[in-house]
Amino acid sequence: METLNLHLTGDMHAVTAAHNMLAAMIDNHLYQGNTLGIDQHNITWRRVLDVNDRALRNIVIGLGGREDGVPRQTGFDITAASEVMATLALTSSLADLRARLGRIVIGYTRDKTPVTAEQLLVAGSMAVILRDAIKPNLLQTLENTPVLVHAGPFGNIATGNSSVIADLIGIHGGDFLVTEAGFGADMGAERFFNIKCRTSGLRPDAAVVVATVRALKAHSGKYKIVAGRPLPEDLLRENPDDVAAGAANLRKQIENIRLHGVSPVVAINSFPTDHPSEHQVIRDIAAEMGARAAVCTHFADGGRGAVELAEAVSEAAEEPSDFHFLYPDTASLRDKIAAVATRVYGADGVSYSSQAAAQLDTYERAGFGHLPVCIAKTHLSISSDPALKGAPTGWTLPVREVRASVGAGFVYPICGDVRTMPGLSANPAAARIDIDEDGVVVGLS
Amino acid sequence: METLNLHLTGDMHAVTAAHNMLAAMIDNHLYQGNTLGIDQHNITWRRVLDVNDRALRNIVIGLGGREDGVPRQTGFDITAASEVMATLALTSSLADLRARLGRIVIGYTRDKTPVTAEQLLVAGSMAVILRDAIKPNLLQTLENTPVLVHAGPFGNIATGNSSVIADLIGIHGGDFLVTEAGFGADMGAERFFNIKCRTSGLRPDAAVVVATVRALKAHSGKYKIVAGRPLPEDLLRENPDDVAAGAANLRKQIENIRLHGVSPVVAINSFPTDHPSEHQVIRDIAAEMGARAAVCTHFADGGRGAVELAEAVSEAAEEPSDFHFLYPDTASLRDKIAAVATRVYGADGVSYSSQAAAQLDTYERAGFGHLPVCIAKTHLSISSDPALKGAPTGWTLPVREVRASVGAGFVYPICGDVRTMPGLSANPAAARIDIDEDGVVVGLS
Amino acid sequence: METLNLHLTGDMHAVTAAHNMLAAMIDNHLYQGNTLGIDQHNITWRRVLDVNDRALRNIVIGLGGREDGVPRQTGFDITAASEVMATLALTSSLADLRARLGRIVIGYTRDKTPVTAEQLLVAGSMAVILRDAIKPNLLQTLENTPVLVHAGPFGNIATGNSSVIADLIGIHGGDFLVTEAGFGADMGAERFFNIKCRTSGLRPDAAVVVATVRALKAHSGKYKIVAGRPLPEDLLRENPDDVAAGAANLRKQIENIRLHGVSPVVAINSFPTDHPSEHQVIRDIAAEMGARAAVCTHFADGGRGAVELAEAVSEAAEEPSDFHFLYPDTASLRDKIAAVATRVYGADGVSYSSQAAAQLDTYERAGFGHLPVCIAKTHLSISSDPALKGAPTGWTLPVREVRASVGAGFVYPICGDVRTMPGLSANPAAARIDIDEDGVVVGLS
Amino acid sequence: METLNLHLTGDMHAVTAAHNMLAAMIDNHLYQGNTLGIDQHNITWRRVLDVNDRALRNIVIGLGGREDGVPRQTGFDITAASEVMATLALTSSLADLRARLGRIVIGYTRDKTPVTAEQLLVAGSMAVILRDAIKPNLLQTLENTPVLVHAGPFGNIATGNSSVIADLIGIHGGDFLVTEAGFGADMGAERFFNIKCRTSGLRPDAAVVVATVRALKAHSGKYKIVAGRPLPEDLLRENPDDVAAGAANLRKQIENIRLHGVSPVVAINSFPTDHPSEHQVIRDIAAEMGARAAVCTHFADGGRGAVELAEAVSEAAEEPSDFHFLYPDTASLRDKIAAVATRVYGADGVSYSSQAAAQLDTYERAGFGHLPVCIAKTHLSISSDPALKGAPTGWTLPVREVRASVGAGFVYPICGDVRTMPGLSANPAAARIDIDEDGVVVGLS
């Protein structure tokens, strides 16, 4: 039996350490006299921990006596939300990582000039701390297929894709490199194409859109689904009409793949409660859109259950690809946001709060305008409103705030509430996990 | 060339993670309704990070809205100061670690009843997080001697000794197991004997007291030595009389070893600026006290430079040992403190602040009275006053506060200021470390 | 020579004391065990001071040890913004004041039940503290006309009108009672009619709308006027066309008076830089609207300069009045807000944030639905957007938040940013005021 | 019936306003760029409110955004503890008040240079705010004797005497001016002689030491008396021996009066539970010390009950007085403290914490060495230890901290815990006070 070290090779810890080293250097800079003139009310770099700790979201630090630093408000995020993690996921070499870390913007002077990790002389140390974390971790599946596990940038505010460096290595390891992109195709695939491929220089030959019977039923808008509650019983009854009623969502996701010139394959992820008539509806939708489709049973049957899918992907990959980005580097940030909002999400347009507008101006002026955009929105709808199902139109994307991950290499507009530090529940998993008398871990499932 | 992973095998990170998981569970418990009735003004468990970050010493957490926890004052310590680290250093097996973690006291109810990690249901998870960290790390010296590197409890407030488990393994690895105890023999050796040996059940066959010419000169009281400044030039001139003038300190340290029934060997750690006449003074002191002595030049000459010492230790270890503890488990905490203070430190007695007295009462009542004591005092003097040199008498040990590391297994009286989170300097090392264009780390020395 | 005691008869101080007594009782209630179950994250009662102190806007209190209270976030407002001040302005007797103080809502339990000052047993003490402050202060003008000066509720969030009790007394003191309402007729008059008259039972016989040449020019939208900067020179040149271009604003304000069935009189407040042709434009607007008008020079000429106005008001007051409220008590809060927004401000409708909608629901459920509404919006436009001049249409009133002054007796929707604690400037008046060697105050002007 | 306005003439409010105006100017100075270089960790000026509000003792201000000031730790004291109150009590004219306000030290620069209210340009405004408060308030007793009520400096940290200006006026109003000094003669009289008389230039003709049977019994050390609990029943039984056993305290207080060259009169404040035999013991003690004595029953009998005392005082005042200060202005602060400690309190000497020693050095260097000292110690013993009864000897006065009220004109060493902001109890008076249906205040007694 193989066991997995919970800490893996410690990448998460290295990211935490590098991130917090920068934070300590910032506060030490304030304490030592602030020769860079950092505006203490405009420090955007927080601290991170790899634990769900809501009490650290909003804190006041630097209390005590003079030796205890300069008081100010700040907080902790979860390590996955660290820009260092996003940077690790998008870098291509140690030298590139070093350069990206130096470009990280930690805040601004009072005249809105960005202050970087390079100016704080800490990017070198951060790179040293990450020197081993940059190496992807080679694991294997239960069927002994090699898997590179590397980096975990938060899908809520970052790319939600695994690392560029793992792809650059993995591409040499077999006939196909398969990589996953978190959330729906409107988010995961769009970010994969426009941010990750732009950075890696790799071109996708095909894209798999995963569909489930229950998801399409949910997109029919006929069911009330509450996170953390069991699914409604109705949803599990044979009902091909309701699957068809949610088709607009799948159609739009297929279109979104095509929009980037890539060949789509629909993977119908099968559940024991599905019915063949329902699978057929999804096949029909795919066919109608000219896309390949395959029913997959890998959860139950292992690799054997994905053979049909593999063959479909293989065929799709043989087709000539016309991959291209949705927008050029040279477009303005506002044009980039508008391109994603209107063409991928189906919005009529974009509205900006006065804060967001001022931030975009600051970023363009600071030379960050060439960066791609990573839109932070709900994953529960193609739109920014979790209540809208299917492929909604007639709505406007409201940008409340815009942040810049200059080291990672993207600007992220925020549309709605984004939580970057989770909390523990009333009955946390940590309370169930233990070691039994034989030293075996129990309570993980 | 071999390089050392900065994170080693991640023990420091695992300790950080386990420690902060407990902290998050505490604040979550308050947030979820505090069914244990924890007194939020008497929570002794803080958080830790492995970075020098003075701005985190005193913080207010739980600000923001209702979803963001319960506001309270707390702070971060350096990871080395974590009771989890002290526990890791004193545990003997995974099952023992699990039990010790459960005994950790995180605070008290309003009627002063201790609240433990076990009650918060988190000790199991902590043990799982530490499952790999409990294994000592096998490294080698430049001469390929195997070395077990494991655990780093803060000498300021904990044992400052490496792990029991590494000793239990290492003892089977050769003719001799050599282990180091931080700070002078009054602190390092006393804690090794009375805390670590009590826990491990191992009995020392001999003890090396390291002496230097410059340390004895400093103990003459004739020189003004300031931390961070170069040594006074005078100190480096040939002056056997000043070495003799500091002899009282060495005599007391030799006595302190004898006090525990162990055979002492004086290792004269040689510096290029030493003079033979000065070494001779130290040899004479040792001889006068009936202890073996050897001049060592291992820093310059490697293992060869310590052959004389090795032979002296080997001889000393052959002598019949009469090892015994300074006090029995059953003595009261006050008697244990008094035993160390008067017999090892040479104090006339001990005085307690009203806070310290109340805490000792609480601990005796809570059943912690059987624990050994780990006295937190300055390492710059055998006394608690850094200004007193030699082997001072006629003074009283002032105990300001007493804390309990119940999981690690000791109570620690605090005599003077103890800092558990360092700060960065005006010119921190982190600003000099970098990766050069070949990916090589520079600036470490 | 008469001098005015800066503290007058101390009403401001009494309001401050009563307000802060309630605050101290709230935090003492939390400290003593919180038997009422107040949700510490939903305490709406802050503290007040009669000083411009921006550093007190957002604070954390209750730090220190257990004897020092329960930590939580709160802040200070300026005394004028106290609900106690608004209550003093709307009360009609000591018994009524006592009852209103008891109804003050200081926060909510976790199930959103309001908690009142009565429940905290402090309304009686507050009434005792205000026992003398309830008496209006009789002063006189430079021409010895008696003036009742009483209460100063903040126009930004409260009525901005002087006290009901002063009106009830003053109405018996001569042929006419003249009272002022702060800000433009869209705010001051609307609140006077719908809140103050509703409370006092008094019916206005006429209403004076003050107009100036420069204000109408400003409403033409042709000038850029910045607070704190001198007026543009252009604005002061003879230009009756620009006065006419701003006429829409005056017309709407005259309509707003008529809307309540009251006879309007336009007072043209004359400045030395005005030109007769410009005054004539205003007279023409008034005439066109069927309203009386009079040019006033009282600032330069004293009472004599307002004789024409006085005669016009006297005539207007003789006309039969048809005074009525804009909405009945029984209308829902949303209907009341909509009535003011669409009929007085000229909005197309009202939009509510999700927070505002939830608060309105809470208030209706708590039985506060019968209260009138006091809309907090900019005074720089009839609309809620300070940039819109004249009498704008085609806009929606955005309600961000809704608060309830249940003791004072109104609910106030907040549309835009509202600051309830001013700050000092870089060159504060306090730095210029002094006492000279003869004990005379200098620097007040 | 006459009623007393709770706010009197508003002096307390004026002191609060002046004090907090200075505080707002300090934080505004930090916010506007801190051109004076105030060390934000060494600002000694806090804020005040006239309410018992423990949650304001330790707070963090300046949170929020950049417009909301600079974050720092501070707190509120009760208004009586304001240095402005102490200044009002010691000033002799408006011009003198203006000058004293300018001398108030609000904190220090990083090189320990004091920063004054004058430098912040706010002393003039403060004087204007206090222009009316400087006038004593003329009230009358139930027997129509005129009484000047003016200023209430906190006895815990300030003089605890009423104002100099009231004495300077009152001295012209009759044959005798009687003024009270708070706490025992070791504190009240010592401060009256050495601080207040030094400031006013007035010389006392006689001094009344108030003694009670129960106080002398308490000083016997035979009874356990707990604040807030009923007196032990034993204490009230006839027991002249116990009165005699507490005599040392009264003897020392009589001596302390004589020490300043003033004629002492012992007022035996009679209680219904006293016995003649007990009064006789006190008369005997006084006689033995050569002091006049009189039994007083004014609490029961009004002015008539104090005739014997009045006659004794009148006689004592006729005796030639040799009033002199305990120490000259020119003595060092340490010598002044030692003089009070050893000669008035009966201590063997004084010990200083390192903080206190550093502060005394700062004050001497800053030119505050000429000021008298106002020692903050317990009022429950002549010593600094509340447990020591009678006239204890063989102890050392421990000075923990020294503060400077430079505007008021004294330096105050702190010996023990001093609380400057009280808290409300579990059953506060404010919860019992109310207005009844006739508008009459109830619940005051």
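The chains carry the letters A, B, C and D, assigned in the order they are written, with residues numbered from 1 in each.
The rule we apply is simple: contacts are C-beta pairs under 8 Å (C-beta built on N, C-alpha and C of every residue); 3 or more make two chains touch, one makes a residue touch a chain.
Please read these numbers as outputs of a predicted model, since none were measured by experiment.
Chains that touch both chain A and chain D are absent from this assembly.
Taking the mean Cα position of each chain as its centre, A sits at the greatest distance from chain D. Interface repeat of A-D: among B-C, C-D or A-B, the matching pair is B-C, sharing over half of the residue-numbered contact pairs. Chain D has its Cα centroid 43 Å from the Cα centroid of chain C. Centre-to-centre separation between chain A and chain C, using Cα means, comes to 49 Å.
Between chain B and chain C the centroid-to-centroid distance comes to 66 Å (mean Cα coordinates, whole Å).
Among the residues of chain D, those touching two or more other chains are numbered 60, 62-64, 73. Chain-to-chain contact here is organised cyclically: the chains close a single ring, every chain touching exactly two others. Taken in their complex, chain D has these residues touching chain A: 39, 41-42, 60, 62-66, 71-73. Across the complex, chain A is touched by residues 5-7, 10, 13-14, 16-17, 20-21, 23-25, 27-28, 30-32, 47, 49-64, 67-70, 73, 94-95, 98, 120-125, 127-129, 131-132, 423-424, 426, 428-435, 437, 439, 441, 443 of chain B.
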